[in-house]
Structure formats: C-alpha cells, structure tokens
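Notes to accompany the following structure.
Chain IDs A, B, C, D, E and F follow the sequence of writing; residue 1 opens each chain.
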Amino acid sequence: MPLSDLPPDELRAFHAPGTAPDDFDDFWATTLAESARFDAAPKVTPHPTPLTTVDVFDVEYPGFGGHPIRAWLLLPRARTGRLPCVVEFPGYGGGRSRPLESLIYASAGYAHLLMDLRGQGSTGRTGDTPDPVPSPNPQFPGMMTKGVLDPHDYYYRRLITDAVRAVAAARRIDDVDPHRVVAMGASQGGGLAVAVGALVPDLAGIVADVPYLSHFRRAVHIACDGPYLELSRYLRVHRDQVDRVFRTLSYVDALNFAPRATVPAAFSAAAMDTVTPPSTCYAVYNAYAGPKDMRLWEFNGHEGGEVAGHERRLEFLTGVIG
Amino acid sequence: MPLSDLPPDELRAFHAPGTAPDDFDDFWATTLAESARFDAAPKVTPHPTPLTTVDVFDVEYPGFGGHPIRAWLLLPRARTGRLPCVVEFPGYGGGRSRPLESLIYASAGYAHLLMDLRGQGSTGRTGDTPDPVPSPNPQFPGMMTKGVLDPHDYYYRRLITDAVRAVAAARRIDDVDPHRVVAMGASQGGGLAVAVGALVPDLAGIVADVPYLSHFRRAVHIACDGPYLELSRYLRVHRDQVDRVFRTLSYVDALNFAPRATVPAAFSAAAMDTVTPPSTCYAVYNAYAGPKDMRLWEFNGHEGGEVAGHERRLEFLTGVIG
Amino acid sequence: MPLSDLPPDELRAFHAPGTAPDDFDDFWATTLAESARFDAAPKVTPHPTPLTTVDVFDVEYPGFGGHPIRAWLLLPRARTGRLPCVVEFPGYGGGRSRPLESLIYASAGYAHLLMDLRGQGSTGRTGDTPDPVPSPNPQFPGMMTKGVLDPHDYYYRRLITDAVRAVAAARRIDDVDPHRVVAMGASQGGGLAVAVGALVPDLAGIVADVPYLSHFRRAVHIACDGPYLELSRYLRVHRDQVDRVFRTLSYVDALNFAPRATVPAAFSAAAMDTVTPPSTCYAVYNAYAGPKDMRLWEFNGHEGGEVAGHERRLEFLTGVIG
Amino acid sequence: MPLSDLPPDELRAFHAPGTAPDDFDDFWATTLAESARFDAAPKVTPHPTPLTTVDVFDVEYPGFGGHPIRAWLLLPRARTGRLPCVVEFPGYGGGRSRPLESLIYASAGYAHLLMDLRGQGSTGRTGDTPDPVPSPNPQFPGMMTKGVLDPHDYYYRRLITDAVRAVAAARRIDDVDPHRVVAMGASQGGGLAVAVGALVPDLAGIVADVPYLSHFRRAVHIACDGPYLELSRYLRVHRDQVDRVFRTLSYVDALNFAPRATVPAAFSAAAMDTVTPPSTCYAVYNAYAGPKDMRLWEFNGHEGGEVAGHERRLEFLTGVIG
Amino acid sequence: MPLSDLPPDELRAFHAPGTAPDDFDDFWATTLAESARFDAAPKVTPHPTPLTTVDVFDVEYPGFGGHPIRAWLLLPRARTGRLPCVVEFPGYGGGRSRPLESLIYASAGYAHLLMDLRGQGSTGRTGDTPDPVPSPNPQFPGMMTKGVLDPHDYYYRRLITDAVRAVAAARRIDDVDPHRVVAMGASQGGGLAVAVGALVPDLAGIVADVPYLSHFRRAVHIACDGPYLELSRYLRVHRDQVDRVFRTLSYVDALNFAPRATVPAAFSAAAMDTVTPPSTCYAVYNAYAGPKDMRLWEFNGHEGGEVAGHERRLEFLTGVIG
Amino acid sequence: MPLSDLPPDELRAFHAPGTAPDDFDDFWATTLAESARFDAAPKVTPHPTPLTTVDVFDVEYPGFGGHPIRAWLLLPRARTGRLPCVVEFPGYGGGRSRPLESLIYASAGYAHLLMDLRGQGSTGRTGDTPDPVPSPNPQFPGMMTKGVLDPHDYYYRRLITDAVRAVAAARRIDDVDPHRVVAMGASQGGGLAVAVGALVPDLAGIVADVPYLSHFRRAVHIACDGPYLELSRYLRVHRDQVDRVFRTLSYVDALNFAPRATVPAAFSAAAMDTVTPPSTCYAVYNAYAGPKDMRLWEFNGHEGGEVAGHERRLEFLTGVIG
C-alpha cells in the first residue's frame, strides 16, 4: 500500500536510455512485411446477445504468420455512416472474454474491436485463441519466456504483430472509418499500444494505461508482483542466459518503441503499482516522441484509474477521433 | 483456493433452523410503515455522460427516516412505453459508483435503478450517500456493528428499509412498469434482495448471488475474509455482548426472511467462497419459500459467476419480466 | 523487522516544512471557545473494583459540543492533598478499557485521568463513548476519513477538543493540583498530546510516544500498516479529493502544532515502526518549540518502549510534576 | 479468525485418554525429592521503584538442582498480617519482565510471586534467569526440544520443578500465609499450574488459562502457530525419533497431571486459539479430578480473556483464598 | 504446518473409486503403439565433468511422436557387466538439471537414467527439452491445462509416453541389464512411475514418492499449493468445461493406472503435504494391484523423506534389482 | 523477488569500515592456543553405506574446549596417495546430515571433511553434535544470542574454533595432503570460511558463498529473513544491551577477519538475497586482503548458485589444490 517505487517528483523526472539494437527497425519492418502477406478482410459474424442497444460480432482475422486471431466487434445499434474506432488489447493473462464485459466504448458511439490474446485467456478474462507456435526452449509458466532465447521465436514478436494486424483488420470493416482509429490498452495492452503507435504511424492516437513491457531491465529489479517476475524466475535457474534474454527483450521493449512513435498519446501510471512500477511507465512516457499527456494516480496500484480512467479515455478519444 | 466449507454434496443438503424472534414480522411492519410516511416521487435529474445508447439520471429518493438516498437510473435511449425494471443493491463497502460501470442491464433493454449505500462507498466502488445516523455504541470500523446492540438502532434496519423504498421509488418513475420489477444483488446486495423479496410480496422476482447477511451464527465461525469478521472482531473485545449482538442480527438475517418470501428467485453460491461461505448461502436457499433455482460455482470464490453470472441473470430476467 | 524508513542518522536530521493554513490558529481558537461554553465540573462516580491500593472513579465530562465523554480516574487510596496528574489519551481504535489495565500511574502516586475515545473502543481496548456526530461523507471504515472533506466536520477536530477539555476537566477534580498536569499518550495518544501541548500553554509537560497524526503527507506514502492506510484507501477510490483531504488534515497535523508548543516534552520513535514511521515522528520532534527529549528505540516497531517506556515516562513526570 | 478447531458444542464433549507411563508418579516423586534437598529460604531483596502503593522485592530461590531462580515479589504497601498469595508462571518465551507490568494482584491485596523462566525471557517479556543445563541433543531453536530424547534431560522436567519449588519458596516468605496459596498462569503458565496442582496437593487452588503443554499428540497435529510447532519441526528432520519424543512428552503432559489434581481449578479456553487449540484445553479440563470451572471465550484467540480474564481470576481468588 | 488432510488413521483406510473411462486401455495401447514406431537406440554421448568416480552421458531418445527427449545417464566408472538400472522422472516444473545434482544412484552402483521433462525445466531444476506441440486451447500458465480439453491433445499423454519410452531406451543401453529396471520418481515423477508400472508390466518395480497426478477430483478440492491449483484456476474462468476437463484427466489419473499395475512398488506420503495431499496418495496406494509398501512421513510436507527417502529407495532397489 | 538491497553497480562499490576491537588478535590467539591444547588425532571410523564409489567415515575430533565434534569424511574408493581436501562448514541451523547428501566433492576426487555444527542440526539438515556449554544469559531461540553478552561466552567463539580445529583434524588424516586443504561453506559456512582463512594462514584457499556473520551492524537493519533477525528480536526486548551485543559481535564479524586473510578466495553474493544481504557480502569481499574473485547471482536469493555454484567451486578447487 505504501509507495514501492520513486516518490512522485522523482517519477516525473525519470528518464532511461534506450536499448534498441541496431537492427531494431529492420527486424520489425521484416516481421510486419511477412505478416502483411496474409492480409485479408476479417470474417465478421453476428453474435447473438440479449443486448438491444449494441450489436456484437465475432471477428476472426489473420495475425502473425496468418494465424487466425479472434476478436469482438461491438457497434452501437443506432449507427449511421462510418464510425470512429477503438482497437483494444487486453491485459496479461486475459482474453476478449464475453462481450457483456466491454460495453463502454460502443455505448459511447465508437466501433470497438477487442482483440483476443493468442495463448492467454485463462487467468482472469477468458480467451478463445490458441498460439499455434510451441516454445523452442523449456519455458517458465506463462508467456514471458516463451521463445525468449531468440527474438524471432519470441512470443511477443507474434503478439505485437497481431496487434498491428488488428488495426489493419479494423480498417477493413465497413462500419469503421479507417482514418479515425485509436489503439488502446492497459498494462500489457498499454505496452502493445505503444508498439502499435510506433509501427502504425498513421493512427489517430494511442492510450497506454500503466503500460507493461516497459524498461525491462529496471522492471525485473523492482516489480514485486505480476508477470515481470516470470523473467526473474526464469533467470534464477537459467543463470547463463541473462544477456541473451535481455537482448531478446530489447526488441519488444516499449522504451524502444516510444521514441519512434509520433501519434498523440494518453499515458497513465500509478504510484503504488507493484506490477508495472511507475518509474518504468515514466521512462517510456518521457521517451515518447509524440504529443502526450500523463496522469499519475497517486494512491492506486496496478488497477490504475478504473472507471475514472475510462472517463479520461473517452475525453481523449473525443479529442482525437471525435 | 481449496474448498473452505463443505463439499458440494453436503452443501446441497445443508439446512439450518430459523432464528426469527417472535416480533420479527411486527418489527418490520412497523419499520416499513414509519418510512412509508416519507413516500414521495423520486427526484430524477438527467446526468450528462458521453454515452449515446443509454440515458443516465441522478436519482434521489427518501429512504429510512426519509433520509435522501441517491441512485443511478439508466435507461436505453431508444425506448418506448414502460420498461421492465431491475433494482440493484451493491456489495459491501461499495456504492453506486459511476454509471459507466453499470451498462449491462440498460443495454439489454431494462430500466436499471442502482441504489447507493448509505455511509458506504469508500472501499471499492464510490458512493455519494452519507448515513445521517450516528452509532449509539462505539463500533468496530465498518458497518456491521453500527448500532448492533439494539435492533432499532442497527444500521441494517436502515439499509434494508432503503432497499424496500428503492423498489417503491422505482415504481413511481414514469418509464418503469411497476408490475415488472426485480430486486437484484450480489453479496450484501444478495442479502438485501432476499429481504426485499420477503418484504415486498408483489415483486416479480429476486436475484441473490452469493448472498451475505445469511446465517450469521455459522458465518462468524467459518468465514475467513470479509465483513463477517467485523462481528468476530467486535465480540473479541466486547465479550459480554454475544447474545445481544446475535439477537439484533436475527432481525436482519436472510435466513429469517427466506421462509417469508414467495417470489421467484435465482440464487448462486461459490464452493471456494471464504467471504460468504457457501453453506450459509445454501441454508438461505433451502429455507426459501418461493420458486427458486441455485447455481453452484464449484471453482470460484466470492467473485462467483462474474460475467457468466450476468448472463444467467439476464436469462432469469427474461423469464420473469420479459 | 528490518528498517522500513530512514537509518538512525538520517532520522535525527529529518526536518519537514509546516503545512499550517493561514487560519490555523483562528480555527482552533474558535473551536475551543465554542466547546468552552460547555464547561462544567466532571461527574465523578466511585467505581467498585477488587483493588485495595487504588480508588477508581467513573468520570463523565463535556467534550466537543458538550458531548458527554467518559474517562477513568484512578487515585492512590493512600493520598493527601492535591496530586500531580497525568491525563492520558489511548491509541487508535482503543478506549479507556477496564481500570485493571492502567494501574501504573496511580500506583506511582499520580492522579490518572484516562480519557475514552469517542466512537472508537472496539478494535483492541474497549470504550464506552459513542461519537454522536455522523459523517457527512461516505467514509472508509475507521475514523480517519470521518468528515474528512471539511475541517469543521472532521472527526479529529472533535477528538482534539475532547483531549483539551479532558485537561480542563482534570483541573476541576478536587484531588488534582491544576498546576501540575501532564498530557500523555502513545501513537494517536501521542499525536493528541502534541496538540494539547500547543493548545493548553500552561500545561506542565507532555509525553508523545511514537506519535501518530504527524506529517500526513509523508506518512501516507511510507506507512505499511495501521490507520494511515485508511487515508490511502479512501483516496484510492475518491481520486478527485486528494487536495481537499490534505487541506483538512493540515488542521490536525502534529507537524503544525509542534512549533506552537512550548511546554517540556518527552518524545519517542521506533526505527522499525511501520505504523507511525519514525521519520514522521522526528519531523514533529524537530519542529517542536519547547524543551524536548527524544528516545529512539532502534530495534522496535510500533510497540515502542513498552515497559521501558513507562519507566522513562515516570522519570519525566518526576522531573516536571514531582 | 474463524474457528480452527472443533465447534463449541463438540469442544465441551471432547475427552482424550491419558498417556501416563507406568513410572509417571515415581518419576515425579524422585525428581521433587532430589530438588527438595536444596530447600532454603528465598533471598528477598527490596527493589526500588517509583511506586508508592506497592512494594517490590527481587527474589532468588533454589529451583531444580538447586539452580538459582529469580522472581518478583509484589506486596501492597499497606499490609497487615500474612497475606493470601498468588504464585504466577509466565507464558512461553517470556520472563518475569519488569515489575511495573504486573501490578494487578498486589494492588488487589495479594502477595504476588512472579517466577522467572529459566533460559527463556527474550522473545517477549524479558527474563533474568539462565538455564545452566546444556541440551545433550542438538535441538530445534526454543525450549520444546531441549533434552527431549530423555525425560530426565528434558527442559520441562526442570521447569515444572522450578514451579513446584516456587510455591515452597512463597510459603517461606514472612508476609505470606502458607495455607492460602494459589498457582496461576496462562498458556505455558497454565500448563505449569496444572502440574503444580497435581504435585502440590495442599494448594488452595489453581488458575489455568488457555493451558499449553496439554495433549501433545493432538496439539502437534492441529496447532497452527506457537511453540507446539517446534516439536513438528524437530520431528520433520529427526524422523526416527517420533516415539522417543512422545514418550518424553508424556511425563510433562497436563493431560496426565489433570487426573492427579484435586484442588479447585479455574480453566479457560478460546475457540479461535491457534496456539493452544481449545480441544487440547478441554481434554485437560475434562480429565481434571478436582472442583473445576471452564470459561470458553468464543471469539478469542490465544489472548483469551485479557482483562476480563483478570477479573475472573480475582473472583476465583476471592472464593478460594479470600 | 498442521495436518491439512485426514489424520493418519483415516488416511490408511482411505479408498476412492476408479474413474477410468471404458476406452482407457485402448487409449493407452494405441498411444504406445504409435510411439513405438519411433523406437531407436538412444544417442549416448559422453559428457565431460570433473567427476572421477562416475561417468556421465548426454542421452537423447525418441519419446512421444518420436520427439527427441534428453536425459542424463550416470554410470559408476568402476563397472563390469550389465548394471541394474533406475529410470528417474523429475518433479513438476523441473528438468534433468546438471548431473552433479544426481550422484546418489550411480554412486551406489546403478545405471541411472534421468529423463528430462518436455517443456518444463524452468521453475526449479533446469531442463533442456522443449515440447514441440502447441496447446490447442488457451491454457493456464504451466502444464496442467495444456491441451486439457481433449485426452489426445493433453500434455500428460505425451509425458507419460515419454516415460514409457525412457524405459525402452534404457533397456537398449549396453551397460544396462534390461531385466533389472526400476522406474522411480517423487511427486510428478511418482505419478509417472505408477503409470509406467501399469504400462510396462515387465518392470522390476517402481518407487512412487508423494505421487502427483493422483485422484484429481479430490485433489483439486483440498490441495492448498502446487500445480493442482492450475486446474482450479483454469476452471474458475472456464466454468463450462468442468466435465470435459475431468474426463481428460481420467486418462492420466494414477488412480486408474494403479489397479492395472502388478510390479512391486514402494510408496510414500506425507501427512502435512499441501501439494499432493496424503489422502490422494493413499487412494492410489490402496488401489494398487501389486506387492506394495507405504511409508507415511507424519511430520513432513511435500518434501517427504528427503535423504531418508533416498535411503529407503536404496533398500527397495537392493530388494528388487540387487 | 525484487532487489531488496543496493542495485548491482552500487554493490560492487560498497565498502564498510572495520570494527575490530583493539584486542581482536589477542582474543583469537588466546582462544586458539587454549583449544590447541586438546590437539589429538581424530577418531576415524568406517561408516557403512550402500555406496560403491565413495567410502564414508564417521569422524570425531576435539573442538573448542576439547569438546567432541562429529564430522563425515568422504573419500573416493579408488584413491592413491594423499588427496587434496575440502573442509566444509554447513549453513545455519543444519548439521552434517547423512553422507548421501554430500557426494559431489569425493566423487570429484577430493577428500571431503564435512564438519557438524555443535548444538544446531535440527532445522533443516540433521546434526549429531550437542553444544555442552549452556548460555549464561536467557537467549532468543537459536544460536545468535547464546552467550552474546560477553565475547568469551559467545557461541560463535566456540564454533569458529571448531572450524579452525576441523582443518587441523583434516591435516592429521592419513589420506589427506595437509598442504592442499581448502575451507569452504555457504551462508554461515561462508562466514566461518572467512574466519578460518584469517586464522589459518597456510590454507590453500577458501570458498565463501553468500557469507553470513558479515557486517552485523548493517545486516540487522536490512535483512528481512533468517538468523540476523534473532539479534533484532533479542534487542527488541533487551533494549539496554545494544552496545554490549555489538561489541561481542565485533569479535566474530567476517568484516574484521577479511583484512587479516591473505589466502586465495572465491566469494559469491546474490542480488535478491534477503537473508545475507548482498551489500554485507560485498563489504567483506571488498575488505578481503588476499587474491579474490566475486560472483554476483543477479536473480537469486539466498540459494545463491546452487549446482552452478558447485561447478564454480570445483573450478576454483582445481586451480588451488588440483
């Protein structure tokens, strides 16, 4: 409950040097080009619900390697013309869950595409998308060390690509205005949003709440709870893989995407967050190259802004996509 | 994570004798009659939100003693005629929070009145309604021992009355069909729903998920977490008040309301629930006098059914109020 | 068990700027003047016990708003003339308990007035005094946020006034020498003693052991246990009330009373105290304007000096009131 | 916080078979006879304190093996004639501490001899008496396994003898009426009191609150906290010593002293006690051969009755020694 | 630390009905036949170490689906003729680790084949073998729910087959006497040993210490720690998959292998084991069809016998393979 | 799991001033001279085991005061000539255990003398050697405060002497080459190794993994777990003994032995070690006067290097004793 990281004043001033390897941009250009080959209109199937104000569709689109990725699309029933759209990425361990849990953005008039997380979806919110790629290395339970010994094998290479492809899929949906798309998420979803902000330069904006996947080198030293610990636990027994693991992580670290992103961004951090320590969120925020705003929740943990955070997101969305 | 109460088969067979004092019915008849004097149309004020599919109103109605009680009213924007209505009571410590958190029922076409909890609303979801009655006894922090030495002073006499008056208030709202009202809640809200089911015999039904306020005598012996512990902690120092405290509790125990309720009811319990132990939920369920259904979540704790619970509630609502 | 705050050397040098609002002195002058209107001799009723060396009396005196406040008065049975007196304030959550628990000071020849705590008295030591003022805001369980949105409504405005009036009541007791009165307490009682030391300038001295209610701004950031957390928990959900809450707290912060107090004072702090972090105690000590002494218990938590602390208190009492 | 042992009704009916070895009575007769050789008047030295109503003396008397055992003697300053006397044994890990902590019984007119605990006195209350006998076996930290492989070497053979000799020492003090002596204690002190009740048949009575050293075979299976765990932890590594350890324990188990004791006794147990599980206390109580009374604290843990327990003790003392 | 399951007497009498589906034997016959197609001599490569008394070899053999499985082979350097052999399976999460950790059995004169665990090997002891099969369902972190929705996809179908093939591989090693092979393991390794005991009827014996994978239906209700919780956590969110999951588990439950196994067996259980509750071990033991012996460690948790367990294993090995 | 001490860069630079009292060298010279009087060839008795590659002997030698100290001697069965030897000291609470647990060093060709720990041996690994000296002061459970009020009485004076005498004993064993002896241990064993390195200047080297008994003044402030806490717990109640205790500790602090040791040394520390905080290990390492090497395990706690640490030890041994 007390502060577990720097006090607020020091947080605001916290900077960290980037760690991008020389081939960072090539790596991602190649990765995205490979997956772009599988570009195809998403399958959009009406999904019956008891709702009367919102229409729900079960979506499947080709992600990394063309693997089928599921998503929910929620649209306000009373709609005309192409809608501004939010593409949302869930937090770690979860999935797209059931559509009843995600009514806010469609109820506010947006097209809302909620991406499923390959292989996750069993620790909190459910998911429906497997990850068809096995780990070439024995991994610590969870996703953080799946393929972590080589950046090409790493799980997050696939997941970030899925997120980029989710935006592409959203833009091919008839009800969506492709010029007004925002990528959004909290925790892991926030880290993905930063990556997408860098990799999809014509987005209308991103929302990155208490972003995970941020400044791994510091995070593994100070996080007390949550999935960063999978990395420490792995390195605790694989003592000879420290450099190799951090090299892989440098390809997916939001700290390295941030200076490459120029779209408007709303960030948040929580001063008592033991899962995504606030200094790691500020490190990314301070490195971010686009117009930006940070909200510090001084007395919150990883839950961050909760409903107040949704209200802030809606304000930001109004500003960037109306 | 393991079972902390009886195994499923024994749960299903678990009965407990009622503990209602002789004047139980008089006590409530008198209490409700006193508060009925303050009957008045609720104040219903439009509350601006960014939502486009749901209209929100800030409601204030007279509860116990005529004290002003706040509530949210959510209505589907596209509505015609009088709507079936759900009156919902939050769980312990919470409040009506912000309307963005409660979109499901209005999005499914119901009028949704979400009652605030006097004096609560600071431990999870926020609330806006104070309790203007001080405790005549020094109390343990929380609500469970506020006025617990006399049933007339007891906090839950007021809260149950507020819940009964919430139904009355809902019925006076123009958009609500007074013949199609269901009272609903989880945990404390579930306990309140059982009481309302007994005290408002012309309701269309109740939903009582993982009900709290149920079979106190057993609950204080086996609950590991949550507000039942306030009672044990109080009695730990006020060693000479045990009988007096349980006498007061007998007036608000769902176990004593259950055999007086005849409206259709959907119950749930969770086999790994350490807050409202499942045997205490089954005791109430098995004593309930109306048509009823129980769902046991075998691998869940106090979170119960979560979104699957909402889906089940919607099925039940369709059955009883369309 | 390890240090949870600064190491001893840095503790000794720790200073913090005061936060008293401009009308701090007016606020308290007005508050005390209002309550002084209820000045009346305390009711002192013999209380039978099996003790043969100490006489016990049940005391009731008018506190804030003239509300009746209970206390125990213990006097050595073998007494002659007017006695020096200690007025003691209990720690958070407790109350005056039973007189058998408080025999030290009367057994050492002092009149001992042990004030009850309005509304507390159910989490450890029992109490008998309710707080007849309800909270105008929904509060977090406990006392820290009762009325916290306005300094006039705040619980601690009442409790500090009760403490000031306890000294006045003690001075009107026949067996007490009004010129030889010391205010004393640990934790919350220590914070109250500092306030009384500032508000009753003709006291003979104060004892403030591990004082609570001290330097709130830092305390909420570093305390790991205890009632400071009520404030963080409240602000965790009432995110928009941070400034308002700290403004209210500034009226009762021992940090602001300390530079206004000139009576002799014995302080203590504990280096491993996670409830009232030692730096917050040193901040108050270093700001204190009167003659003063600090004892640091290097290997203790919030229990502080325990019986060694009582021995030190008796030494101090001998020095200032004989 | 919940019940961790049988519910109250089953507690009251709980019996356990005795486990006394055939030579149990011989063992103790021989042991006590050996130590009786060191009988000598205790050294009673005035100990200066700031107290004015109670006189304190530092006592040293020969315990097991003639080893010097310290104690405090507290007497009401205003005394005439020989006083009834309570001999008290502290709980596990503690010692006689400082006299300021033990004012109740002298303040109520009794001579109060508070025995120190050889070798203990560093985990809570301080002590001043070492145990001059080393353990012949490598032991688990604490006292429970010191010499546990042979009943003659066992620490508790010495401690029980010290307790018996404390009564003898008390009776040789001028201010004490040797016909009106009660042995008293809580937890370990309660277990010692039961042993003394059996071994000193002309005592006036005993008080055994939440007695420890009771029904070891069950205790090691169900105690969650406290020193019974030292035994489990020892046997966890010394897997081949189970029978030998329980044989030794059978010589000091209160369950085996109880049917040999006929003096009046006041017992207590606490339903939520995880240190001395209430069923182990009831096993001893139900086996006790003298006039007896049991108080169950339904909502308490190992703290038992606290000040209410002292009040009950004083009632009992009045009944048996005036 | 206290008992967390039945007391010893009830453990010994604990039986549970088998849950084998009708096609259980077919399922395994087909599975093993498919993998037997990949039969090939293991690759045995000398592995340099600083050891002078034991030779170490890095082994790779075809497991389920012909996937390459690693193992260590340790042989006493001074050896003549074909050696009796122990094939060991590690506990959950671990792997074959480094050979220095496993010197006991080769130092006692046995050929020791230590199988690696596909996909595990990162939570305690390291491993070197990936699992090349992805999970068709989003899984809870760990192995317990990998492919759990269909017995053919289930991870443990592959792992049990790997264990059966390890025995086959051992028998093809020149230094090994194929008629004197024992399968051995603790926890997960013990569960595998029971399965191998049933599936390889000409083994010389098995050792199953604190066996995991045993009586899942009870285990998920009472285990407090360890991997059984992965199942509860999965079912907590995948509420509609309970029957399907337990159907899959019935194909790998040691409870169903036990009545099919007739080779001599040494079992153990630990009375304070919260990971593989002792009643689940006894259920398997009591169902086991071969000559058998059970050792209950009364004061141990999941660590079981530790070095005393190794000594017992060596005794058993001497008895069955010399 | 996160860092609980300084980050790696600051660890490397961490120095602390020595605290050796003036008579430090005299104290140890006198102590060792007294025990050298009991010099005698160790009793070496063959100990039967099922091992075929290693011979085991039960050793007893005179330690401090001539007290008999047990040890295991393990030798490779195939041996010729005098062997290089490692003398190992176990960690806190343990003992020499059973020889099956310690096969690595003899299997690598070394004579391995594993000293037992007087009075310990019941909290993890078993021991067989009692400490025949009682504590002159009531102690906190464990060894850290046994005799802590006087350096001559202190337990660690005896244990360090036992360790020095173990080297002398090893050198008198026929199979041992007295010129090639290394002292080795982890945690408490590492602290002992540093002391032996200073007190036996003709050793061939030492291994001190995560050394305990190092820089007590800082350790008691920052250690979160383990035996340093015994000191804080003792001083928590014996508030007046702080200086006296730290004076005693200065005679056994590895920080004071380090600058007196000149033999080659291999150190390790673990960045997440909450038992022997890494800064206390670096303080000793940086003060060490001989050739030295430090390995920091960045993601480990007090377990340190585990099998990787054994591999590193073997490398070091090869370097210094072949």
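Here is the rule we go by: a contact is a pair of C-beta atoms (placed from the backbone, for glycine too) under 8 Å apart; a residue touches a chain by one contact, two chains touch by 3 or more.
In this text, all values refer to a predicted model and were calculated from it rather than measured experimentally.
Trainee: Degrees of rotation, nearest 5, to put the Cα trace of chain C on chain D?
Mentor: 180
Trainee: Using CA atom averages as chain centres, what separation in Å is found between chain A and chain B?
Mentor: 37
Trainee: Can you compute the centre-to-centre distance for chain C and chain E, using the mean CA position of each chain? Integer Å is fine.
Mentor: Averaging C-alpha atoms per chain gives centres 63 Å apart.
Trainee: Per the centroid of Cα atoms for each chain, what is the distance between chain B and chain D, given in Å?
Mentor: 50
Trainee: Which residue numbers or ranges of chain A touch two or more of the other chains?
Mentor: Residues 233, 308.
Trainee: Examine which chains touch each other and state the graph shape they make (line, ring, star, complete, other).
Mentor: Shape of the chain contacts: other, as it matches none of the listed patterns.
Trainee: Dump the list of chain pairs that touch, please.
Mentor: In this structure, the chains touch in these pairs: A-B, A-C, A-E, A-F, B-C, B-D, B-E, C-D, C-F, D-E, D-F, E-F.
Trainee: In the complex of these two chains, what residues of chain C are touching chain A?
Mentor: 220-224, 229, 232-233, 235-236, 239-240, 242
Trainee: Can you list the chain D residues touching chain B in their complex?
Mentor: Chain D residues touching chain B: 1-3, 7, 272, 297-301, 305, 308.
Trainee: Which positions of chain E touch chain A when the two form their complex?
Mentor: Touching chain A from chain E are residues 93, 95, 117-143, 145, 233-234, 237-238.
Trainee: Please give the residue numbers of chain D that touch chain C in the complex, ascending.
Mentor: 50-54, 76-78, 97-98, 100-101, 103-104, 106-109, 307-308, 310-311, 314, 318
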